[in-house]
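Common to both upcoming complexes is chain A, partnered first by chain B, then by chain C.
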Partner chain A sequence: MTLLKREEWQHLVREVDWTLSYVDDEAVYPEWMSGTGKVPREAWAKWEEDYKVSYPEYVATQREKESSAYAVKAALQRSTAWENLSEGWKSSTKMHFGGVTLVESEAVLAELKMARFGLNGSWRNMAVFGALDEIRHAQITLFFGHEFVGKDPQYDWTQKMFHTNDWVAVSLRNLFDGMMVTSNVVDIAIQLPLTFETGFTNLQFVALSADALESGDVNFANMISSIQTDEARHAQQGGPTLEILVEHDPVRAQWVIDKAFWGSARAFAALTGPAMDYYTPVEHRKQSYREFMEEWIIDQFVRTIEDYGLKKPWFWDEFMKGLDTWHHALHMGLWYWRPTLWWKPTAAVSKDDRDWLREKYPNWEKVYGDKWDVIIDNVNRGDMELTLPETLPWLCSMCHLPCCVATLGYDNRWRVRDYPLKHNGVTYHFCTAGCRQIWWKDRDNLNHPTVIDRFLAGEIQPMDVGGILGYMGLTPDVMGDDPDYSWAADYKDRLIVPRVPVAGA
Partner chain B sequence: MTTAKRRRTWSAFGETRRVPSEYEVMTHETNWTLRAGRKVPFEQNPSSPANLWFLTYREGSPLKVDDWNAFRDPDQLTYRTYVGLQDDEETKAEGLLTQYAEAGADATLSEGWVSVLGRLFAPARYPLHGAQQVQAYIGHIAPSSYITNASAFATADLLRRVTRIAYRTRELQLARPGSGIGERERVIWEDDPAWQGARKAVETALIAYDWAEAFTAIDLVLLPTLDDVLLTQFGAVARANGDELAWHLSSLLAADARRRERWSAALAAFAIDQRPGNIDVLRKWIDRWSVRADEAVAALAPALASAPQGAPSVDDVLDSARAARARVLDAAGLGLHPAVPAAGV
Partner chain C sequence: MDHPVGPVLRMCDEVESVVAAIRDDNPDIDIDVVDRGSYVRVQGPGRVRVTEASLQRHLGPAFELRSLQTMLSSFAGRIHTSSDEISWEWATKREGARA
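What follows is the complex of A and B.
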C-alpha cells in the first residue's frame, strides 16, 4: 500500500487560514458572529482538535454505520414489536421524536455557522463534518418516526412539533436558538458540543437506549445508539475552544458553561425526567433519573470542567436539590395539561410505582403523594373533568416551563416559590433563582413573551383552553391523554376521605 | 366525530395524493426558524442581533418566492445516499493515487510542469476553503431546509477537494523536494499576482451576506468560472504534460462541481419560475460577480499558459471559463438573450 498516512498530510488540510487584505478581518469575522472578545485574534491559531478525521475516512465510516442502522431497521420491519410495546414506552419515544428531531436540524445550522465563522481553519473543517453528522441525525430520526405515522397520528409531530406554538416548542426553541444559533461561534462551541452534547445528550441517548432495550424496542435503541456514535467526534470542537477561552477570559468561559448547563438541565427535567422515572414501565427502569444524572452529568461533567480550571456553576446547590423535585413536578404538570402533549403520558403512580419512587426519592411521598391522591380519588370516582385543566400554569420568563418548583422552607414545609424581578416597571416571574439570574444577565429574553403573556395580551383567541390548544397546534387526534388510567385501580377500594382545604398548603 | 383518515406521511405535505419520496420525507421543512406564522425567526427578543441579521439577509433578500419549500435538489441527496456516493468516489480516488504512487509518476514530471503545479494547483486549497466557508454560510441562512442540505453537501464536497489537493501537495513535496510545494502555498496565494483576482473575489464573497447574493456569487458565478480553469482546463493541460493522475483526479472531482451546478441552476430556475421578476435580481448580481470572476481568471490564465506542453492562450483560458459559466446560467434560464451579442467580449 503506497497511500500516505493521514498524519503525513493532514496539516495541509488544516492550514487554510490566510491574512485577508481586500476586506477587513472584522467584516469577515464580525465580533458578534465570531466572538473573539478578550481573546487575541492570533490566539486561535493554536486551536487543535484531539480527534482527527479525514474526508475519505469520514465517508467510509459513516456509510458503514448508515448501512447497519438501516439494515437492522429493515430486518425489524415485519415484526410486531411496535404493537407489543407499552404505551408508556411509546410515549417516551414520541416525546423524543417530537422533541429532538428538529433540534438535530437546528444543530446543522449551528455547525454551518461554525464552519463559516470559526476562527481557525481546522475548526471550520471539523464543523463541516459536524453539519453532516447533524443532517444524519435529523434524517434518520425523521425516517424512523415516519414509519409510524400511519399507525398513530402522534408520530406526525416528529416533523411538526417545532413548527407549532406548543409550549414545549416555545420553551425548547428558546433554549436551542440561543444555545446553537444566535450566540457567537465561540460560545456555540462551548454550549453545544461541550456542555450539551458531551454532557446531556449522553443522558438522553445512553439512558434511553438502555431503557429501550429493556422495553423491547430494539428498533429505537438501534437508532439512538447509532446516532450516539457520532457525538464523540464532533462534540470535541468544544474542548479546544474552551481551552483558548479559559486562558484569556475564564470569567466568560464559566458563564457560558453555567448558562448552557442550566438551560439543558431544565429541559431535561421536563422531558427526560418523566420518560425515565414514569413512562418507562417500573420493571424496565435501569436507574432513576437522579442516578443517571449523578453518573453521567455530575461526575463526568464536573470532572471535565474542573480539568479546564473551571468551577462548579454558581447555582450548584439549587440544581442538586432540583434533582429531587423539578422533574416530578413537571411530570405532574405534563400529565395534568396532557391535552397539550403529543404523546400519552401515563401518570404511573400505582402502588408499585410509588414504592419505587419512594425508594429513589425519599421526599417524593411528602411533596407529591398527597397531590396525586387527590387526582387518584377523582379518577376512581369518575370525576374526570376535575383531572383536566381549566386554567393555565404560570410560565417562567426564562425557561418557559411552568413555575412549579417546590423547595423546603425554614419552617420545614414544602412550597412552590415564585422568583420575581421588576425591570422597567414590569414584574417578571421565574421558576428558580437560576432562571432569574440568567434572564437578568443576558436579557436575550427581554420583550419575549411566554405563551401566558401572549394569552393575557389577547393574542390567543378565544381566551379559553380550546383557544390555547388551537394556538398550540393540537388537533383532537393528537392531543395527549392517559393511555388507560390503570395505575389508579390499585386504590379503588380505599376509603376516600373528604379533603379539608388547609390554608397555605 | 369523524374518523381520521389513516395518515400516509407528514401532515406538512398537505392533502397530497402523491406519496413523498424518501428524500422529501427526510428533508421537508426541518428548519423551525422558517415556521409558518412566525413573527421573527428566533424565539427570543425580536430585536436581538440574530433576529435582525436573519430578517435582513434572509427574509429581506430581494430574491423572493412564496414558498422556497417547493424547491427540490435534482439529485435528491440524503445523508445516506451522499456518504454512499462519496465513499465510492473516494475509493476510486484512492485507487488512482495508489496506482500512480506505485508507478513513481511524480518523479517523471517535467520541471516546467511541476512549477505550474506549485503555482496553480497546490495554492488552490485556499480559495476553495474560502468557497467552503461561503457555501456553509448559504446553508446556515438559506430559506429552506432543501437548500440548506444541498448546500451542506456542497460544503463537504469542497472540503473533499481541499483534502485531495492537500494530499497531492504532500506527495509532490516528498517527490520533488526543492520545488517549494508544500511550503509556499500561502505566500503564493497572498502575494502572487496570478491569485490576486481570485483572492479579491473570494474575500468579497465572504462578506456578501444576503443569502441569495452569496449563492449567486459562489454557485452561479465564481465556482463555475474558476472550476473551468482549476479543474477542466487544468486537467486537460495536465494530461498534455504527462500528468495523467492530475487529469484523472480532476475529472473525478469535477463530478462534485457538476452536481453543485445542477442544483444551483435548478434553484435559480425555480426562483425565476416562481417570480419572473427574480431574473432582474439575479442578473444584477451575476453582472457584478462576473466582473470579479473574469478578473480572477485573467490573472490566473498566464499561469496555465506557462505550461510546457499544450498550453492554451490567455484568451482561450478566459473564453473557456466564460463559456462554462454561460452553460450554468443557460441551464438556469439566465443566459444572455441570443439576439443580443455580448458587447465588448
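What follows is the complex of A and C.
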C-alpha cells in the first residue's frame, strides 16, 4: 500500500477550526487570554507554521532523541567523567540545573495556554507538541541533575532553587512569569518562542554545549543540545504569529520583542556570561561570551526580526556596549556575594585568564582589573573577611540584578551609574536606562519586590547577612565559595601598594 | 558569504554524512562548515536544501528524513519541511511585513 505524502493529508488535521454556533467566540477565546487586540479575529485564519510535523513523526522522533540522550548518560554514569570535571565547569552546570529546570516546567504552562487559547487550530496543535517538549525538558534536566545530588548537595538545588527566595530565583521568576504565565497567548508567542527560543536559548543550549564538550562534560553537552532540537521546532510558533501581528499592530509587535529581548539579555549576562568567560577553564573556552552573542544573537536573531520588517530595539547601543561590561560586573558581584549562590564561583582571574580577558575585551583591565587586584591582595594576605559581603548590593527594580553597570562618561572615566525614577512618591532605582524605560512603560504590571525591597520593609529577619542567607534558603552545606582560590597564587609576589587615603580622591 | 542560511547540527556520528548529502543537494553553491565541536554550522548563500534521497545515499536506505530533526539543534533562515526535503531560505520581507 502506498502511503499518502504528509502534505497530501496534513491540512485535514491541521485546520480544525470551525464556526462556533452554541457560544460566542469571545467566550471560548477571551481577549485577556487570547489577546488578539487590534488584529481582526479572522486574520488568524492564515496562521501557518513553516516547520510542519505530524503526530506519528513527532512520537517516533522524540523516542529516538530520548533513547540517545539516556544511552549516553547510562554509559557515562559508570565512568569517572564527573569526578574529572573542573569545579569551575561543574558550577556552570549547577547554575544551569538550578536556573533552568523549573523554567522548563513553567514553559509547559505557556505552551498549554497557547494550546488552549491560540487563535488558530494549527497553532494550538504546534503548542501541544511544545507542551510535550517542555515536559521532556523539565524531566530530563531534573533527572540528569539528580544523579549528582549524592556526590554534592549543591545539585539538590536543581529542584529546590525556584522554590526559594534566593535573589536569583526572584529575578528569574520576575522575568519568566511575565514572559510565560501572565501574558496573553499572542504576547507569549512573541516573547517565548520567537525572542527567547529562536534567539537566546541557542546561547545556553547550543553555544554552551561547545564549552561543555571541550571541558569534558559529554553528558551535559549531549543533554542540552538534544533539548534544543525541540526548541528549534516549537520556537517556530513565533514566526507566523509575528507575521500577523506586524501586519495589524507593528507597534505592539516591536514593543513586545524589545521587552523580551532586554529581559533575556540581562538574565543571560548574569548566568551564561560568567559560565562562558570565567567558569569554563580558559583552555577550554571555544569563544568568548561576546563572540557567541555575536554569532547567535547579533547576526542570527537580528536577521530574523528584520526579516519580519521590524527594527533593532531602541536600546541597541546600550545593549551592544553592555556586551563588554554587564557580565564582567555581574561575575564580580556573583563572586563577592558567593554565599548567596548554590554553586562555587571560581574567580578565574589568574594571569592566563587575564591575558585572555584582555584579548577578548580590550577595556577589561581598565574597568575591572584594579577591583580584582584589591580582592587578590586581600586573599594573598589572608584577609578573607574583607572579600566577603557585609551588606547587600542595590538590586534593580526591573531585572532584580545588582546595579553594577559601568559606563564611560564624557570625562573618559568609567563609573557605575544609577538610573532613578520617581513614581507615586517612591524613588525606584535601575541598573540601566533600558530597565528604567521598560519598567515605566509596564508600570501597571505587577512587579515582584526585590530582595532589597523586602529587606527594607522588614520582611527579612534578623536584618543581617545571616538573616538574609536564611531567607534565601541557603544552608552551610550548599552556600557558595570559591573552590580553591588557587588563581590568586599567581600574584603572591605582587608589590602591594598600601592604600593611603588621599584628600579629595 | 551573503545571506548565509542552513542547519546547525548537534554532535553525532552522522554529521559528516549529512554535510555530504547537503553538498550533493546544492551543487551550485559553496557550502561552508563551521565546526565548533559540539555543534556544526552548515551554511550556504540564499537557500540550502537537503533531500531524503541524498540522506539515504549517505546514511543507508532506512534513514528517514524526520530523523534529521534529532540532530537539528538550530538553523538560520526560514525552514520549509515537506516529506521529501527540508530547506532553509533567506527570506526577504514577508508578505504583510512593513516596508
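Here is the rule we use: the second predicted complex is superposed on the first by the 493 of 505 C-alpha atoms of A that agree within 3 Å, B and C clash if a C-alpha of one lies under 4 Å from a C-alpha of the other, contacts with A are read in each partner's own complex, and residues count from 1 in each chain.
The definition used in the following text is that contacts are C-beta pairs under 8 Å (C-beta built on N, C-alpha and C of every residue); 3 or more make two chains touch, one makes a residue touch a chain.
Nothing here was measured: the structure is a model prediction, and the numbers come from that model.
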* To do: Examine A:Ala60 and indicate which partner it touches, taking first as chain B and second as chain C; both and neither are also allowed.
  => both
* Classify the contacts of A:Gln236 with the two partner chains as first (chain B alone), second (chain C alone), both, or neither. => second
* Once the shared chain is lined up, is A:Pro250 touching chain B (first), chain C (second), both, or neither of them? -> second
* Asked: Now for A:Glu365: first (chain B), second (chain C), both, or neither, which partner does it touch?
  -> neither
* To do: For A:Val149, select first, second, both or neither according to whether it touches chain B, chain C, the two together, or no partner.
  => first
* To do: Mind working out whether A:Asp444 is in touch with chain B, chain C, both or neither, as first, second, both or neither?
  => first
* Structure fact -> Winner on chain A touched-residue count between chain B and chain C: chain B
* To do: Tell me which partner A:Lys286 touches in the superposition: chain B (first), chain C (second), both or neither.
  => second
* Asked: Should A:Glu294 be classified as contacting the first partner (chain B), the second (chain C), both, or neither?
  -> neither
* Structure fact -> chain A residues contacting chain B in one complex and chain C in the other 60
* Tell me, which parts of chain C touch chain A in their complex? -> 8, 10-12, 36-39, 66-67, 69-76, 78-84, 91-99
* Can you name the residues of chain B that touch chain A in the complex? -> 4, 6-12, 22, 25-33, 35-36, 42-51, 78-80, 82-84, 86-87, 90, 93-94, 97-98, 101-102, 125-126, 129, 132-134, 136-137, 139-140, 145, 148-149, 152-153, 155-156, 159-160, 162-163, 166-167, 169-171, 182, 185-186, 189-190, 199-200, 203-204, 206-207
* To do: State the interface residues of chain A toward chain C in the complex, per the touch definition above.
  => 5-7, 50-53, 57, 60-61, 64-65, 68, 202, 205-207, 209-210, 212-214, 221-222, 225-226, 228-229, 231-233, 236, 239, 243-244, 246-247, 250, 286-287, 300, 303, 307-310
* **Residues of chain A that touch chain B when the two form their complex** => 1-4, 8-10, 12-13, 15-16, 18-23, 27-28, 32, 54-56, 58-60, 62-63, 66, 70, 101-102, 105-106, 108-109, 112-113, 115-116, 121, 124-125, 127-129, 131-132, 135-136, 138-140, 142-143, 146, 149-150, 153, 156, 158-160, 162-164, 169-170, 173-174, 177-178, 181-182, 443-448, 477
